[in-house]
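Listed after this line are the structures, all set down as structure tokens.
In the two complexes below, chain A is the common chain; its partner is chain B in one and chain C in the other.
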Partner chain A sequence: MEAIVLQILNGLDKGSAYALIALGLTLIFGTLGVVNFAHGALFMIGAFCAVTLSRILTLSHTVVDETQKDFLGNPLKVDVPYMMDWFGESTGAAIIDWAVPLSILFAIPVMIAIGVIMERGLIKHFYKRPHADQILVTFGLAIVLQEIIKYYYGANPIPTPAPAAFKGSFDFGAMMGFDPNTIIYPYWRIIYFAFAAVIIGAVFAFLQFTTFGMVVRAGMADRETVQLLGINIDRRFTLMFGIAAAVAGLAGVMYTPINSPNYHMGMDFLVLSFVVVVVGGMGSLPGAVAAGFLLGILESFASMREVLAVLPGLNQIIIYLVAIIILLTRPRGLMGRKGVMED
Partner chain B sequence: MFGLDKKDFRLLLLVAVLVALAPFILNPFPEGSGMAQFNAGYPDLMQRFVIFGIFAIGFNILFGLTGYLSFGHAAFLGVGSYAAIWMMKLLTMNVIPAIIVSVIVAGIFSLAVGWISLRRSGIYFSILTLAFAQMSYSLAYSVLTPITGGETGLQPKINDPRILDGALANGGTPKANLFGLEMGSSFNLDVGAWVFTFNAGYYLAGIVMLLAFYLSIRIFRSPFGMMLRAVKSNQQRLNYTGLNAKPYTLAAFVISGMYAGLAGGLMVAMDTQVGAERMFWTASGEVVLMSILGGVGTLIGPVLGAGAIKYMENILSKINSDILHTWFAFLPDGLEDFVVTLIYPFIGKGWHLTLGLIFMLVVIFLPGGLVEGGQRVARLFGRKKKSTDTPDGKTTPAE
Partner chain C sequence: MSKMNLTRRGVLKTGAIAGTGVAAPTIFTAQSAAAFTNEPTGSSVTLGFNVPQTGPYADEGADELRAYELAVEHLNGGGDGGLMNTFSSKALQGNGIMGKKVEYVTGDTQTKSDAARASARSMIEKDGAVMITGGSSSGVAVAVQALCQEAGVIFMAGLTHSNDTTGKDKKANGFRHFFNSYMSGAALAPILANNYGTDRKAYHLTADYNWGYTTEEAVRTSTEAMGWETVAAVKTPLTQTDFSSYIAPVLQSGADVLVLNHYGGNMVNSLTNAVQFGLRDKLVNNKNFEIVVPLYSRLMAKGAGANVKGIFGSTNWHWSLQDEGSKAFVQSFGTKYGFPPSQAAHTCYVQALLYADAVERAGSFNPCAVAEALEGFEFDGMGNGKTLYRAEDHQCFKDVLVVKGKENPTSEFDLLEIVEVTPTSQVTYDASIFGGELGSCNPGA
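Then we have the complex of A and B:
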């Protein structure tokens, strides 16, 4: 029982990342009908927003501290971040410590801007081209984006720690009535899951309960009619692209403490997220979210030692295996609608 | 000739001449001169040109003719490679059985993958092939280590059985050969300042590529090829006329899988080692890039694309900032530094950036790839000539 709960919990954080990326992919596909292979790159850029902000916050100047001596007996040179000068020692340190959560505020406008520029500058011209062309041009764009990041940030992973308050783990077992120390779970992963749930809820609420969301949903169902009603649906869809980019970017920002970001993390996630989208059903938002969590949890179950003893290597292939089975038995995915990507 | 019409035969002849004279054509700069780094006429790179040419020709039979975009072709290349290396370990270091078995094994594997994947089309097909390729890659890396060597990969060892070969002389290392002719052996021709290298392995791969190219021309011009084009242009109409498209697409899939296996077998024949990373999905993406860059659905396009990408990978990535500084030394100092900083991100380790940009430009502006670019340039000059002759005459479109 403990093992099962633990695996479900383990699956949640990866599943959250899959679900967020897949949600963005589906938003873009459902609104604009574009298969965006550059979505993984947006996830990666989000992660590097966090890296950038934490670098900006730790910009510092060198001060000679007369009270401390280094091993040669000279006065020690200390780097003092500007944040500490401006906001005082403790507040400055706290700001630096909280760099990753603060990056959320920084990443949202940046990612929306990147998304809108991408849509207006490039993807707009590909609506009428075949899906294969869309895949190819966004694939090329993904290569370009990740090479630019690699040029400025290097090829090595950059550790970006979570705030000190969230370091350490949380004893779930004790809370849920199991023996203590059987189910231990890092705080940050709980935060990540909660954050993903909030974002997913916000996107759904936005689409469901606002006038803007209503128009977008109408546009997804029948774009032409909405246009004939005199609504500028293109502008709203462009903004939806920006929102989808922001969702992917936020998933990336919050993922940095779990895995140090490197320039190809986006591609690694993209392949899996596409599988997730297809399993969930192209164009279905609930399907994408459900499939994301489902595959994340299945993956963590498949890496249990007991399972690996029976079926070695299952953890490596489980996602693809599930995708193949689902595509062959339920051709439209779990919640796919008729008539989407059927050609 | 050979059942080809005049135009195709000329193309085949042209490719044959280019392959035969590649050691000269790719080595235009004298040894030791500043431009010598642009020489591509060394055996390793020339072999890669023709081998990836075969891979791309095969991919083009599937994607160019039927329009099915496979994102998992590297798996067949990898499976072919593993089959070939096992033949070398168990049977003989002669490359013939290795290559034949690699084609057969890749064919069987692609039959299985294709039979399942081709039940869906569009992006679902792409994802299914991608899923199969990633599964093969992960399995080769982890569970199948006894067969694939896992992370270290496979090489022929001294104490492999090799039942057809005699025991090696003391201290001898097993080398791939064709009835005694070692694949690594080369003949160097010195002409003045130039050094031309003629490599046995390259010519073997070149001949195989010519055969593969000839076969692909025949497929393109055959009734079977017409059926594949019909699948691409309107599969629904094909179904309504009472024809089942599946056997045709499956045949195309298996053929292109066998081409990939052939390329994998040849790779092993050249450098006798395999690693799982050649099955990774980026390798599948690379062959897509090659076909698109050269021109999908054209005969010569994939070969051009493979050549262009492999040339960039090997030559562009060798340039570093010192070399750039010597090139732009004629500029005033400040300007020189500025130009070098401007170009630097695109060369050396950043060659992928150049590749990505070129690829995007090709997809956006030149969907027909380099071949279409060449045709446009040719048409531009052709029209100019015509318009000076007859200023008022209407020019008919070329197609």
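Then we have the complex of A and C:
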């Protein structure tokens, strides 16, 4: 029982990342009809927004410490962050410690701007081209973006820890009446799940309860009719691209304490997120979210030692196996609609 | 007057024969007049540095390349001479190799076996490299070593830790200075016993590829021999990034030690996840829960950040060593590049010098003469104490370092501290235990 609860918890945070990326992918596909293979790169750029802000907050001047030696035997040069000079040691250290949460504020405008530039600068030229062309150009863009990041930040993962207040883990087992230490779960992963739930709720609320969202939904259903009503749907769709980029970026920002960001992390999530979109149903926002969590949980169960003892290697194929089964039994995915990507 | 009878079939036949001749790899044809592959005939000799310049180990590859460039500078008489000043062999004079100026070409392994073979082949066939060296992966090392054996050039392995490189996949033309999984296990086990006791239950997470298997086997064998019990060993996909679903069940298994048989990005992520789950704060079987990382590298420690604090592992070399060779290398590398060298840089630099020295002592670039000079060669002053290039498997035997993540690092390079210098005798094994045959040296001619 404890193992099952544990793997469901694991699946929820894994599914949170899949759901957030898939949500953005579906938003772009649903509004602009573009299959965006650069979406994983947006997740990665979001993570590097956290790295960048962390570096900005730790900009330092050098002080020579005569009491210590460096590796060449010279007096040690110690970096002292300006934050500590300006705000005092404890406040400065606290600001640096909270770099990742603060990066949310930094990443939103940056990611919206990147999304809008990407859409206006490149992707709009491929609206009327076949999906194969869109895939090729966006995949190429993803590679260019990751190589740019690698050039400036290197290939090595960069540790970007959570604030000290959220380090360590919570003993769910003890709370639920099981033995202590049987169901432990890191605080930051709980926060990641809650954060994902808030973002997903906010996106749905934005589309459901605002006039802008209503127009976007109308445009997704019948673009031509909305345009005939004199509404500039293209501008709204461009902004939706920016919002989708921000969703992916925020998913990346909050993911940095879970795994140290590296230039390749977007590609690691990209294929899985596309499987999530297809399983959920092309163009279906609730489908993307549901499939994200479903596949995250199934992936966790497939990694259990007991499961691997019976079915070795299942952990490596489970997502694709589920995708095959879903597509055979429900060709449009879990919540896909007729006519979407079927021409 | 002669008459030419041109028929369609005749032209096709002639074309096919000519085409085959042109298309045949020059590696098998161009050397026919020489005694061995790429025999240097001019005033220079070309070495091939095959390192990861792209992909996940690009930073490690960059450090290897820095070391090679430094080695070339020293071989050609530039800089401060580095380890040539402390090397026990005095064959190198700073006038190149056998009076020929050392030049080099580079290839990008991408940490992929096929790409590494292609770049090595290109350096041998097109650039005339007489020796290939470098790399950051055992899979790549085994693949390139096999290619060099076929081509008739010497392969001086870079960072490769699998037992197989000089075990079941060893080749007569291949040589490894870096230590291996067996040595890590043999060096770590006594330190783990001293610090954590002999009554421990270990849970292994193992990267699902060759290096992971040999490392798990080595650590299991060594720790079980001193009384530890292995409660589980789970293979994790090489492409895995989030290890939470593998780490969460560890405490339920009753284990009180987690051994992460992971390298590179796998290790950075699995260790980060394990620390996030608070494993090191737990008390299991009335003992503090511990984590062990059999193979450390500075770049991995940098990627994992504060998570490495207090965690034991092993390493081939560390810049904080205080022997004359290590100090000379750190001084030389640090002055040129502004930061201390990694273990990957050290092993690559040493391999380049060892090759050059072997050529000088052999008096020939012929790979068979070089191999003979390296086999059974005992040396000192290269940073690892007295070292033997064992003739039976072309593996170097030297002291192995057990290190621990430093609690209070003073810089981004000061992440590990040396806990123990394990003597050679403790990590030496019978050359036959891993199987394989060296075969015969191939000069390629």
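In this text, the second predicted complex is superposed on the first by the 328 of 343 C-alpha atoms of A that agree within 3 Å, B and C clash if a C-alpha of one lies under 4 Å from a C-alpha of the other, contacts with A are read in each partner's own complex, and residues count from 1 in each chain.
Note that in this section a residue touches a chain if its C-beta (ideal position, glycine included) is under 8 Å from a C-beta of that chain, and two chains touch if they have at least 3 such contacts.
All values reported here derive from a predicted model rather than from experimental measurement.
Look at A:316: by the touch rule set out above, it reaches both chain B and chain C. Of the two partner chains, chain C is the only one touched by A:6; chain B is not. In the superposed model, A:274 lies in contact with chain B only, and not with chain C. Contact with chain C, but none with chain B, is seen for A:299 once the two complexes are overlaid on the shared chain. With both structures placed on the common chain, the touch criterion links A:238 to neither chain B nor chain C. Using the contact criterion defined above for the overlaid structures, shared-chain residue A:132 touches chain B, although it does not reach chain C.
Looking at the shared chain after the overlay, A:26 reaches neither chain B nor chain C.
Look at A:141: by the touch rule set out above, it reaches chain B but stays clear of chain C.
When the two complexes are overlaid on their common chain A, residue A:54 makes contact with neither chain B nor chain C.
Residues 150, 316 of chain A contact both chain B in one complex and chain C in the other. On chain A, the positions that touch chain B within their shared complex are 35, 122, 125, 129, 131-133, 135-137, 139-144, 147-148, 150-151, 267, 271, 274-275, 278, 282, 312-313, 316-317, 320-321, 323-324, 327-328, 331, 341-343. The touching residues of chain A, when paired with chain C in their complex, are 2-3, 6-7, 9-11, 13-14, 68, 70-72, 76, 78, 150, 154-159, 161, 167-169, 181-182, 184-186, 188-189, 257-260, 262, 264-265, 268, 299-300, 303-305, 308, 315-316.
Within the complex formed with chain A, the residues of chain B that make contact are 67, 69, 116, 119-124, 126-128, 130-132, 134-135, 138-139, 141-144, 281-282, 285, 288, 292, 345, 350, 352-353, 355-357, 359-360, 363-364, 367.
By the touch criterion given at the top, residues 54-59, 232, 234-237, 239, 241-242, 244-246, 248-249, 251-253, 265, 268-269, 272-273, 276-278, 281-282, 284, 299, 302-307, 319-320, 330-331, 334-335, 339-340, 410-411, 413-414 of chain C touch chain A in their complex.
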